[in-house]
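Read from first to last, the chains carry the letters A, B, C and D; within each, the first residue is number 1.
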Amino acid sequence: MESDAKMSIIQKIGYRKMIYLLVLVATIVPMIYTVGLPVVVSKQTSDLYEFIEKLPPNSNVAIAFAAYAGMYPDAQAATRAGLVHLFRRPLNIVLWHNSPDGPMLLGGELKYVKMGSRIYGKDHVILPYVAASEATTSAMGTNIRGVFSVDSFGTPLDQIPLMKNINKATDFSLHIVMAAAGGNEEWAVRQWNIPHRVPIGAFTISIVYPALIPYWRTGAIVGMTNGVRGGAEYESLVGAPGPGLRRTDILSAVHLLYVGLIVVANMEMLKKKRSEK
Amino acid sequence: MSNILKSRELPIVLIWIAVLIIFGDYFFGGTALRTAFTVLTVDWAVIITNIAIIVGALAVLQRSLNIARRERTEKVERFMQTWTVFLAVSIFVIGVTLGIRSSIYSWVYNYILLPSWQTVYTLIIFFMATASYRAYRANNSYAAVLLISGLLVLMRNAPVSSSIWSGFQDLGSWVLDVVNLAGTRAIMIGAMIGAISLLIKVLLAKEKILGE
Amino acid sequence: MDYATMLGETVTVLFIVMCYTYLIRETIAFRFVQATYVGLGIGHGLVMVWGYLTTKTIPAIMAGNVLLIFPFAMGLLLFGRLKKQYMWVYRYPLALLVGAGLGLQIMGMLKASLIDQVVSTMSVSLAPTLAGFNSVIILFFVIASMTYFLFTVRGHETSKVNPVLGNLMKAGQYVLMGAIGAGFAASFLGRLAVFMDVMERVVYFIPKLLGLM
Amino acid sequence: MSIVVSGRLSQLVFLVLYSFLVIYGIYRSVVQGKIPKVRQPAAIKALEEAVGRCVEMGKPLLFQTGIGDVSTEGVTHMAMLSVLSYTSALVAQKNAKFICSTPSPTLFPLAEAIVREAYVAAGKPDGFTSDTVRYLSNDQMAYCSAVMHLMNQEQVAANVQIGFFQAENLVTLEAAKDLGAINIGGAYRMLRIPDMAIGCDFFLIGEEVFAAGAFCSQEPLQLGSLLGQDMSKWVALALIVVGTLFTAFGSDAIVKALRL
């Protein structure tokens, strides 16, 4: 054992607590002093952007809004930029909630969307909440009216002009899963893409992202954004700066801290090995 | 009668029925199977799960009350358990009488429940730092691979890295798109095989899953 | 800022700080947050169930969908756990759910996690491009990692008995390690996003309270 | 072939073929007596050692069932339950302290029954109390915080989490690590595997999770099913190799057949 005097500061406080402190510092400092570093757009993000950009006018797009409040900060940037983009293009949007928190969160995001000449019921419809599960996703693919009878304002679906010709997966040119915390994208692939060949787009949280890469490769998912980083990329593509671009500095700082910690850990280990020899 | 009902085999029959409904609907389709599928997975599953939540909640409250009532329970612990029960009951009463859209209910939700979820969850950031400090050490060649792929992806995800060297972006993406993809694929194919094997064993009543 | 919001923000920030005291050690502050959270969580769960049963199930039964009485009655069997001699009755409602769960998971995995993965692995391209190169590498990596999951081949003996297979298994282990390292690093991002949101609440709390933001 | 929904024939073929291979493996092992030798993952051995360690230290072993309901991810939960059955039998035999915690209201009665049965089978029905299996909350993070408190209060010496977990996974693993407990985990989805691998001392990945019950029991039937699984993997490997050769020479016959 080393004597007290020889112990480094890290050993005195305990390496765990020292690391906790560093994490706090790396988060708070860039929050106060921002630099505003640029972001590089990845292939998956631009794929999704391009796909939406190239959809013919009046295409129907289904959005499963699955944002759980807890995980939402990760998907917020992409979701907001995505909604801005989707509503900017002349697309018909049918959105339903797959999370009980959805209505509250969506309300916050729609404030940033320029509605312009859009009319509710004619080119966009918001359906109420239905518990997310593979079964409901599957049921919705064949008969939306079997799941929803009214929209979120209580209007029967048959009285909504947009819904006249829409009742199943094949009526849509794209199905977007927004901000889901795991599962929904895969259900969409299995229940909408495989049986009905509807392309899937995903504004994912980054924990789900690597698991979805195989689906992107196979083409089932046309494109996707990677958490807050992808959100920043999408914001720069759409030209609507928001929480994504604001937080890129913190992302950089904390990631670099982790890299630094790993380097220090390995140097420590090498030193130990050498002294053992 | 009750002996037959208590038998192990009868519930297995129910498992068979449910599995057959789902596979039947998936492979052969048809309206009858579709209806059975929806009834089973949407109506029945949700209702039974909801009642299970009630049963579970009562078990938690009962346990808390028992602990609070015990003589040897410390004062602090007694307070905490009573507090838990008190909050559960009061928020239930508020939710049922005033509704979840009432201002007091949404206040509790927005300022306590939601931030608590996020706060407990974000403890993970601290834990990840210590875990990676511990785990990403190149002790042997396997750990070295773990370390290198981890570092490359970290650098890829840090927005600043593209300003340092543009190659980080490509290398990190390659690790995710090729190495991670290949590993994920192998795991997926294997998992499917394992899942089918387990299904067979459950259907043969060779897995102890329903207790006595 | 009105008083309810101000009180709310204060309570939130207090709870965040109290919860993070766990990082030093388990404190009474953390225990208080935990007790509060569990209590409210239980209550919230019950309110949700109440909402579902009173707005969906019971009206549906009233409207003539009498069949829904069956799952309802079956669900009530779960209360059997309260009495030891009736404990076995829980099996019936749960057996159905187990069956549904088994079927749904397998059904979902068949295509997405077997057929699709096999098909895209075999779709190699021999074109002299990066994509072509990657597709060949992926093929090799997938085969190698799959051999890692062979159970009836005894690991330590394999390299002697069958050096090709032994080396493939080793390579597979490297690929899996690489995938795990990458996956862990990739998950930082999302967690960090939520953390930033929580920290912003704390850092901007005082300026907000003073009306500076 | 209009009987089967179009695009699902190959899936049905695989389901039937793989089921047949598993049944053949079982038949070969149980009826013909040719029990295969298997490579035991370290995590299963570690489970036994963890129980021993708990007995030595007089501290409890914590088994977490994982989150979600049996009506989704059913197979994963069944795999977890068979490990639970094995673990609880071990702790009952060796008189280790044992706690099983769950955030799932539908797994709760199942876990309770399995653990109680294990204690009864070991001839120690009194070892099982209403405190042995604890349903803590159905709110994910409330459960997580409750488990963290539980770990500290009971000073657990081992923490087992094999099954279906979500974001609470790493938090509970690290909290246990902080107390010096052994972590044994297992996940089948790539989504959760990294957390398990980094946070655990011993872990199972992918197919190993579904096979865990078989590794634990060592019964001929279970070992036979492992042989069936291996044969299934060889089929998949052969298919990949043949299919690759076909596509390399410009024929998409196999790909088309798989899309049937």
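Here is the rule we go by: a residue touches a chain if its C-beta (ideal position, glycine included) is under 8 Å from a C-beta of that chain, and two chains touch if they have at least 3 such contacts.
Fair warning: this is a prediction, and the values are worked out from it, not measured in the lab.
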Other chains in touch with both subunit A and subunit B: C, D
Chain pair with the most C-beta contacts: B-C
Chain at maximum distance from subunit B, centres defined as averaged CA atoms: A
Chain whose Cα centroid lies nearest the overall Cα centroid: C
Length of the line joining the C-alpha centres of subunit B and subunit C, rounded to whole Å: 4
Distance between chain centroids, defined by C-alpha means - subunit A, subunit D (Å): 30
Between subunit D and subunit C, distance of the C-alpha-averaged centres to the nearest whole Å: 15
Of all residues in subunit D, the ones touching two or more other chains: 5, 8, 11, 15, 69, 71-72, 75, 78, 106, 109-110, 112-113, 116, 136-142, 145, 167, 189-191, 193, 198, 205-208, 211, 226, 229, 233, 236
Touching two or more other chains - residue numbers and ranges from subunit C: 19, 22-23, 31, 33, 37-38, 40-42, 44-45, 48, 78, 81, 88, 91, 94, 97-100, 102-106, 110-112, 114, 117-121, 142, 146, 149, 176, 179-184, 186-189, 191-192, 194-195, 197
Where subunit A touches two or more other chains at once, by residue number: 16, 20, 70-71, 73, 133-135, 194, 206-207, 210-211, 214, 217, 226, 229, 251, 254-255, 258
Graph class of chain-chain contacts, one of line, ring, star, complete, other: complete
Touching residues on subunit A, where the partner in the complex is subunit B: 15-16, 19-20, 22-23, 37-40, 42-43, 69-71, 73, 131, 133, 135-136, 139, 142, 146, 206, 210-211, 213-214, 217, 226, 229, 232, 248-249, 251-252, 254-259, 261-262, 264-266, 269
Of all residues in subunit D, those that touch subunit B in their complex: 3-5, 8, 11-12, 15, 18-19, 22-23, 26, 69, 71, 75, 78-79, 81-82, 85, 105-106, 108-110, 112-114, 116-117, 120, 130-131, 134-142, 144-145, 167-168, 170-171, 173-175, 177, 188-190, 193, 198-199, 205-211, 213, 221-222, 225-226, 228-229, 232-233, 236
Partner subunit C, residues of subunit D touching it in the complex: 8, 10-11, 14-15, 36-39, 69-78, 106, 109-110, 112-113, 116, 136-139, 141-142, 145-146, 148-149, 152, 190-191, 193-195, 197-198, 205-208, 211, 226-227, 229-230, 233, 236-237, 239-241, 243-244, 246-248, 254-255, 258-259
Touching residues on subunit A, where the partner in the complex is subunit C: 17, 20, 24, 27-28, 31-32, 70-71, 73-74, 76, 100, 134-135, 186-187, 189-190, 194, 205-207, 209-210, 214-215, 217-218, 220, 226-229, 247, 250-251, 254-255, 258
Touching residues on subunit C, where the partner in the complex is subunit D: 19, 22, 26, 30-31, 33-34, 37-38, 40-42, 44-45, 78, 81, 87-88, 90-91, 94, 97-106, 110-111, 114-115, 118-119, 121-124, 126, 139, 142-143, 146-147, 149-155, 176, 179-181, 183-184, 187
